[in-house]
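Across the two complexes that follow, chain A remains constant while its partner is chain B and subsequently chain C.
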Partner chain A sequence: MAVEQSTARGAEQTRIHNIGYRNYDGPRLGRAYARRSLYSQSLRGAYGLGRSVKSKVLPMLLFVVMCAPALIMVAVAVATKAKDLPVEYTRYAIIMQAIIGLYVASQAPQSVSRDLRFKTVPLYFSRPIETADYVRAKYAALASAMFILTAAPLLVLYVGALLAKLDFEHQTKGFAQALVSVALLSLLFAGISLVIAAATPRRGFGIAAVIAVLTISYGAVSTIQAIADAQSGDSNAIVWMGLFSPVTLIDGVQTAFLGATSSYPGGHGPSAAQGIVHLLVVLGLVAGSYGLLMRRYRKVGL
Partner chain B sequence: MYDPTVARLTYRGLLGRRRALVLGALPVLLIVISGVVRALTGADDQVAHDVLGGFALATMVPIIGVIAGTGAIGPEIDDGSVVYLLAKPVKRPTIIFTKLIVAIAVTMAFSALPTFVAGMILNGNGQQIAVAYTVAALVASIAYAALFLLLGTVSRHAVVFGLVYALVWEALFGSLVSGARTLSVQQWALAVAHKVSDSSLVTSDVKLPTATVLLVVVTVAATWYAGRKLRTLTLAGEE
Partner chain C sequence: MSRRLCGLTTRMGCVTTFGDVTVIATESLSKRFPRVTALDRLSVDVGPGVTGLVGANGAGKSTLIKILLGLSPATEGRAEVLGLDVATKGGAIRERVGYMPEHDCLPPDVSATEFVVHMARMSGLPPAAARERTADTLRHVGLYEERYRPIGGYSTGMKQRVKLAQALVHDPQLVFLDEPTNGLDPVGRDEMLGLIRRVHTDFGISVLVTSHLLGELERTCDHVVVIDGGKLLRSSSTRDFTQTTTTLAIEVTDTDEHPDGTGAVRDALLARGVTTHDSSGLPGAGHILLLTAEGEQTYDLVRDVVAELGLGLVRMEQRRHQIAEVFKDSDEQRKEAIGHGG
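Now for the complex of A and B:
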């Protein structure tokens, strides 16, 4: 009896009250806006902007370390009235590859791994954006961050070269060629490291894996190239070996098409045909990493 | 001082799933490279010295040390599950010591062993090169594991700092500034290897007594401080 009574009373009391929530009838900013926001937030995050002071330290430090040698070179060139800069524009990124590697290794996992670990990816996809938007925004953001990192010292060199009254035409050409090269490098490095970072929700492990792929492949390839150069001097073998690490790939492309001097051992550079293969491999890797990212995020966290 | 359960959990954390793949990929790559080089050049002591010194000891051992050393404790602190371990009646120094043993064992297994195999492939232990670099890798494993384990307890960015030390300090500054070489685990390990193997190709910039003292001091001090650090660990939230 008592039970019946209480349920009856319960049914009486169960009423949906209108407590005045309103519908949103303002403008809906839509998918493109969400994508742009994700892009700009990721780009800012890659330099620690909008995050804690602690997480600003590393990217900013690497940025400064990246630019410092350029400043010193410019200062030397201006002071000694040199005829040319001590280092070619295209060469700069190759020399500073350790810094670039550390930067991309530390920022790629921070961009994607935390979303995976805290399972926030499904929350993104509950908004109007889709897999392709997320992947494109993250990829574009990291590639832009890399481009800023690699192009800033070139800009310093270029401005310095103009201040030192070096030949305008020659400097502009070198600068433009180097910009194309670092743009390719940014796309390639960002793609490879995002694929690796997106495979693991552990940030630390992602960092180690990215750096291992970038450094070890370069170490392995340049060791074998050096030995091949010392033993046989067979330039074909040396050039084809260059296909197996990201840095030597970029080096090969810029040697073949962008007027750079090869940093392969013995100064062997790819011919035009070999350069095309290098370029195709670079573009293939970029497209491949985009495809892998799309596949990775198709069913993530659902 | 050694807790089998902690050791088992650490082993599982280090070698479980994909970690073992990356840890295993590096040694495999080293052995493949040795095979290629041997095929290209035949047995050559200088080449063997270059490959083992430049690739195995300078690049592979530190990276495996970073992965194993920080991986032994870093992820647990990172995701907060270390509190369940700390809440057990196990002494903090015991936890650190156990994890250190595991990290050393993993680093040795994945770096010293392949170094020896690669050395045998490269020149069949001519001039004791394979043995010398294996000893160096063994010694370096201990110091690296202790150092990076400490980093793992101190910083949330342990992997980055470990890599900065291994790649920028040892490789870059070590080749430019000779003074930096005195403070490099790699050189200390080489000093020991030089003494043990009596090989004329394997040389170090550091004298043996200095190297031994520094190795012992660094290992013991890092372990002790890591134990202290774990006693006063505060779990920070995500930045």
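Now for the complex of A and C:
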């Protein structure tokens, strides 16, 4: 009896420490919830949140570098009581394209190559989500991260412009047009870099390849455009060449439809018809990237 | 008593929670790739409990798991997991089933807690529940303070535990464990096998565990399925295995009364109608007696004989079976069957 009592007392004291296995009978939120969770985890990951301190450095730094010129421009505009901002909203992303390229080159492999390299992908596919859910979540997350990166400085410019009491209507229109443009840019860049990054489990290769495709293609295309401009000034040739790099594609689309001033050498801009071709190529690349990603992950499986 | 002596302290079938329900059922399941037949008309029923799936590399174990998770369509035949058809209910199956892959699958730069929480959410658990279940599960698999450190610094044994935890975190009804003891040292193996046993006895989760070592599974499983070349070689409860094929190794001390203890035991056993095998060629030959255990009574008999002679029993252990022995046995059985048939 005495023993029983003492063990009963002992059990009372240790009860909170000694919990046996408990079954889970709460809700299971299924596929859509899992996809959303993967989206938010990937989006946070794109800025190093929920990851090590080391992996926060680069994305945060690039974010600051991206916004800093906007802050300076706003400060100048306010101080000098200028009539308009020093740059157009739509021009900002084109000027900062190297930073954007660096960001997406570092974060696209982070998002998909790691899962391939550490073979985490099978763990996802042994859960309720399907290939399409994984691809959509990853694509949407990187595109959103890019949109945050490219839209934040625009917001800084816009708020600054309003503080400087610049023309409200003009500023709002420019801001809205630029938002559409960077949304398109985010989708395009995210798609292209995810396809490249998903092709290799090696992060280093992924980074190098994305930089090569985005930045070098821009460099090459604008150099050739500049030469063409200097030699013949053939507007058509210059515009068509713009189809061959992501940055110039976006430039062409926004010049044709979003009230931007062309940054093609010589200021040549696409006509409406050429603009439509630019837009179709952008949409085709976005759809093609999605298709390629689906194909890639259907093969990975377990 | 006899159970404890032979090392089988598990209570088979005591924690069966599903009654007689089959957990996995396949019916002439085949999977053919252009050049290889991975599964060849496999029909097998697996009940609740711990089931071992044994086969050499390339025997079709992983292919079977893929089909059972609804990730790869079968070429022919059908399969059900927890009563759900794998061809149409893959998503529902994967919600109730856990999977621990054979290969490494852990990112090194996140902590076990973060990783398992994420995986719990991927299984559909709400955020708060995911955190709570993660803490519970990691504790149950034996990871404590280290769970906050990045996985990259873990030992192989700890990594295996994290892999097991991510398979259990959503409290599945069934887990597939693909070679969970791969790469572990003997102590780590024993710990992992004990943990697997607990997954069923304490957690009430049925287990399908693959291995290419039959001996390892014998100690852990209630039931063993042996496949080779995609074909079912054998499916029987572990009790049948031990009753028909167990070889016991015995080692005793010598005393003044019996300077050759081993010989004395051999003679005494012979007198009771138990013959011992030739153990020459084995390490420790001359000191080790091998005999076939017909069942539990053999263990009792050995104990009694040794006690009567006043000797010390240094060891009595089951010799591990290699898969080759099953093949040999089944060959013999096949020959017998042919013999009977003809």
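Rule of thumb we're sticking to: the second predicted complex is superposed on the first by the 277 of 302 C-alpha atoms of A that agree within 3 Å, B and C clash if a C-alpha of one lies under 4 Å from a C-alpha of the other, contacts with A are read in each partner's own complex, and residues count from 1 in each chain.
Criterion: a contact is a pair of C-beta atoms (placed from the backbone, for glycine too) under 8 Å apart; a residue touches a chain by one contact, two chains touch by 3 or more.
These figures come from a predicted structure and were not determined experimentally.
Applying the stated contact rule after C-alpha superposition, one finds that A:Lys119 touches chain C and leaves chain B untouched. Look at A:Tyr24: by the touch rule set out above, it reaches chain C but stays clear of chain B.
Of the two partner chains, chain C is the only one touched by A:Glu130; chain B is not.
By the touch criterion defined above, A:Ala272 lies against neither chain B nor chain C after alignment on the C-alpha atoms of chain A.
Of the two partner chains placed by the overlay, neither chain B nor chain C lies in contact with A:Ala79.
By the touch criterion stated above, A:Ala105 is placed in contact with chain B alone, chain C being left untouched.
Of the two partner chains, chain C is the only one touched by A:Leu38; chain B is not. Of the two partner chains placed around the shared chain by superposition, chain B and chain C are both touched by A:Ser55. Residues 51-52, 55, 114, 118 of chain A contact both chain B in one complex and chain C in the other. Residues of chain A that touch chain C in their complex: 19-24, 26-31, 33-34, 37-38, 41, 50-52, 55, 114-115, 118-120, 122-130, 301-302.
Taken in their complex, chain C has these residues touching chain A: 62, 65-66, 69, 71-72, 91, 94-95, 97-99, 101, 103-110, 114, 118-119, 121-126, 129, 133, 136, 140, 150, 166, 170-171, 202-204.
Taken together, the chain B residues at the contact with chain A in this complex read 18-19, 22, 25-26, 29, 33, 36-37, 40-41, 47, 50-51, 54-55, 59-60, 63, 66-67, 70-71, 74-75, 78-79, 157-160, 163-164, 167-168, 171-172, 238-239.
Considering their complex, residues 51-52, 54-55, 58, 98, 102, 105-106, 114, 117-118, 199-200, 202-205, 207-209, 211-212, 215-216, 219-220, 223-224, 226-228, 231-232 of chain A touch chain B.
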